[in-house]
């Protein structure tokens, strides 16, 4: 056990802090509207220019080759400085780890720098109208043709799909296959002929979702990531990232707790809600400590099955509790459109996306505890 | 809506109050030990002598033909006066309703007066080692023989079985049958040759349970209640009583809340736990109101499927919350053997007996809401 | 002894259901979100008599009691009626205004900055002295439920020129048409409680239908205990909240001096129960419920707003606590 | 940066597991319920070195730190070791007593009437001034966990004739053998927190085994989400409590001035998490768990006792709040 930062780690943290404090934009609109998204892109490009967009990536791709500890420190400083949501997250946090693990050198060289620079904007194409929790039932097809593939079908619940330029997703490449067999992971430009994107509104009214229709969309063989028919196992690596640490670093919740305590102070609720506020602080701190342990375990080769599901269950429920507490403090003002009601509505999606919490509980019960499946 | 008691109802309540205040014994030991049970029997016989044992029964069987409203008033007064547990409850509250509904005149005349007088002491023989929530999988057998039946098998988790004189239970009378078909409801004296009873201890250490073994036990045809092969539907009437109102009248929880508030006052916890204590009062009051509505609905022929499951879910969880709150007030004294820790341990059985709460939730979901079964 | 709605309340509720089935669909609520005043709906409510439910028959009202009121408000909640319905029905007995839907009353409560429905009301009254606001300015702000038409209101209060608002309690009573001890605040609070349970029931109905229809892993997702059990738990809460609402309505109808205790009890438990139901129903819908194209959110967002309106659960629990202290119980 | 147990703590834990697998079975705990002093077990604990875990090597101890301590206490909790283990290990550094299991220390805390393990301890110390009680009378009372040997204690405190208990902090430090800033209260509190998580893990293991084995409706009941999901929820709580215990142990080992904050955090969350686990496990067992013939209750009842011992969750949460107030956060 050693919780002291090395001089290099500390220097990294302080450099990040100084830059972020000076440069984080204030009052950006939601990145889940067309106008807001454009403003966020400017911020993403500013991050990239200063080499803070993808700190854990190799320098060749625009990163700083930061260690995971440094990445955690960056995230902590990012949220402490009030940094906005990362509209590029589905690329840099979900697709990129998969590209690093399964992509060819050519794919990495072609895609990662543009992704880091927020030139290519990636969205995720997993869910379909009939395939949510039961992802393996998906029916979007990829048919092999001369020189490549033809894609047909429909994806939905694609976050920020209407503003993105590319989609990564799963398609059934073996028409005789069932369930998680015969799937292939494709990388698709959304301006390809035959692609239609229809944005639609999330719970908070922002156009944060899209349906994506594929009508005989031609893609080359190089659009396949990780091998034909290997889509399921390639995708599972990404879903692990999605539900686990990389998408929801602890700095985020520590920052929410700080804002919550400030709100309680401002509204005179510190005394009435002292136990609940204290529990909120304790929970965010526990999440932070758990992630430190998780990283250490993984580095020591002692990661456990289901650990990222534990992680996802905790942060998703924590986020809701924090926002419920804020709404409690706000009383009749809770219903006002504003950062807390918006945050609350976003928090409500936590137990749904990245694999519903019901699915995560099954994973904990079956893979971590060894209980029988149905 | 009319919540005023009629002059007759009020007179009944006041008579009960006066008698109970004067006669309720103080400091009885647990009725779930051999010695305690004997003391409780004296109290039960005193109740019977004063015609308070079974107020809702016909006068011919020792009751007062009280209305259900009067019964509720009696129960409220009983618990308000600090009346002890009813060790006869499995007879008078579980078997008796079934006997009234399905018993022959001979059975009623023979059994009910002795039950009311606490001469015959009845225990329930539902569960078996392999059949708990899945009661329909029971395997204890009844084989038809000349002049009656031979019983074989084992029952378990029989409350106070070691102190009782008779058992009512389900046996498989059609050896070719499966699940809930081919079962018959039998009334069995525990001194019959071939019956062996072994008491064993509950969570709180009292010998409150028994296993009952049947080894070629001969019973006559008159031991059948409600018809050969009709056991399941006959028994279900009783389980409705068990989980619903008659076993857990609201007066019980109102009295617990009164004791809880007194404890909080005595220990100086009123202020610290004001919201929780208030919620406790509100919950007990809500239970009382719900039961008033339930009785009115049933009298008006507007009872709903699953209503007694709602009832059971609420009181069983309420009872635990009330006792958890008491243990919170007691702090380090919570672990002491005493009325609160005993009450807590008993409360923990609430979500288990009379059909686990998991089963009740299925019933609510399937019968009240119409959700599909598996 | 009889605990339940009287026949006249049941009949009213059933009649209202018929009216609202056509007059107030999800499309009606969406129109209110888009700033429609929903005049057609309000005219139907007026024609049905709902707005004068608590107003004496001599003044053209139905002259019904608080039991009929909660039955109607629960039904209105199920349909998600947009606009200041609870407030209008609760306050019309105090003001000589038309009952035909042309008068819609918003109430400015002490300490509440943004007055619900101020943007669409024809009259804004102050809760504490019943004064009508005149010469006021409105500063509209958006609620998560856009039909709420919140606004910060600045204005002078004046004696209600058309009504009874500044009469003393004795004068109220003497004036006729106002039941002894009638409290519009209590009614509005309790009506909101009933409305919340209607909203909860609607969300439950949508969810049950979805759980039966939606298939994953080859079966209807309503077969999974992981969804069934949370729904059943939420139903327990709402089912045990309804009798508390009835108890409070009965207390108000009887002029029970403890009526406030029961009303606060009702608002506390319905706020919590309806909120919980909204959470469970949203979760049971998965991504399907997480879009404004599906109707669930219309009822969920109203639930979130009303759970904090006319006093939060915590505030009403504290009032119940005060009553218990007064009875030497706490 | 490395967050986790050091190798020496892991080795200690594994060694202890081997010892306890034979030396402390459910039968051992049952013997303690029947008033056995469990001398054999305590001798083994002494031989293994556990009792002198925190005692300097010069005094014959292992001289390990609080990280090894919590690793060992968690393991001891899994086995449900009966007797004042946490207290003895936490307080032996302050008293010159044998480390071989013949000395068992009970601690009388201010405001706590019934001293745990007083009925079986060889020494009873007062927590506030570390004085040894002499010429005392014991009035034993029963705990729901009969191995707890609670007693009301009346007696005079005196300077520990054999030890260091009345030395000043500077003298403690100068005396050697006592780590700078060492707080036996903090250790006992944190050790209890770790023990609670061990108890929770044991109950979980029993439950997982039962859910795999028990069949109803033709399938293992562990296939039902109605049982799986509550168990998973309880596991989330215990899994997120463990790093808090480690953090507190690290703080103590580093002489961190904020160590008390972390210790209170740890005791608050472990008390809640272990209690919740006991409830879920008991429920998952149905009637099977609701008897003293089955072992589950041995671990559940210790959980209920320890959840309130060395400060309840509410008390420790209030202490965390005090720290936050001190940091101007709350």
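Read from first to last, the chains carry the letters A, B, C and D; within each, the first residue is number 1.
Here is the rule we use: contacts are C-beta pairs under 8 Å (C-beta built on N, C-alpha and C of every residue); 3 or more make two chains touch, one makes a residue touch a chain.
This one's a predicted model, so the numbers in the text were calculated from it and none came from an experiment.
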item: Of B-D and A-D, pair with higher C-beta contact tally; value: A-D
item: Far-end chain from subunit D, centres as C-alpha averages; value: C
item: Separation of mean Cα positions, subunit B and subunit A [Å, integer]; value: 53
item: Centroid distance [mean C-alpha coordinates] between subunit C and subunit B, Å; value: 40
item: Per-residue overlap in subunit C, given as positions that touch at least 2 other chains; value: 224-226, 228-229, 314
item: Residues within subunit A bordering two or more other chains; value: 358, 361-362
item: Touch-based graph of the chains, sorted into line, ring, star, complete or other; value: other
item: Residues on subunit A engaged by subunit D in the complex (per definition of touch); value: 1-6, 9, 69, 258, 261, 270, 274-275, 277-279, 281-283, 285-287, 289-290, 292-293, 295-297, 300, 302, 310, 313-314, 358, 360-362, 364-366, 368-374
item: Subunit D-facing residues of subunit C, complex; value: 224-226, 228-229
item: Contacting residues of subunit C [partner subunit B, same complex]; value: 1-6, 67, 204, 208, 211-212, 219-220, 222-223, 225, 228-229, 231-233, 235-236, 239-244, 246-247, 249-250, 253, 265, 268-269, 314, 317-318, 320-321, 324, 329-330
item: Sites on subunit C touched by subunit A in the complex; value: 109, 112-114, 141-145, 148, 150, 215-217, 221, 224, 226-227, 279, 282-283, 286-293, 297, 301, 304-305, 308-309, 312, 314-315
item: Residues of subunit B defined as touching subunit D within the complex; value: 127, 130-134, 137, 156-157, 200-205, 209, 272, 320, 327-328, 330-337, 341, 345, 348-349, 351-353, 356-358, 361-362
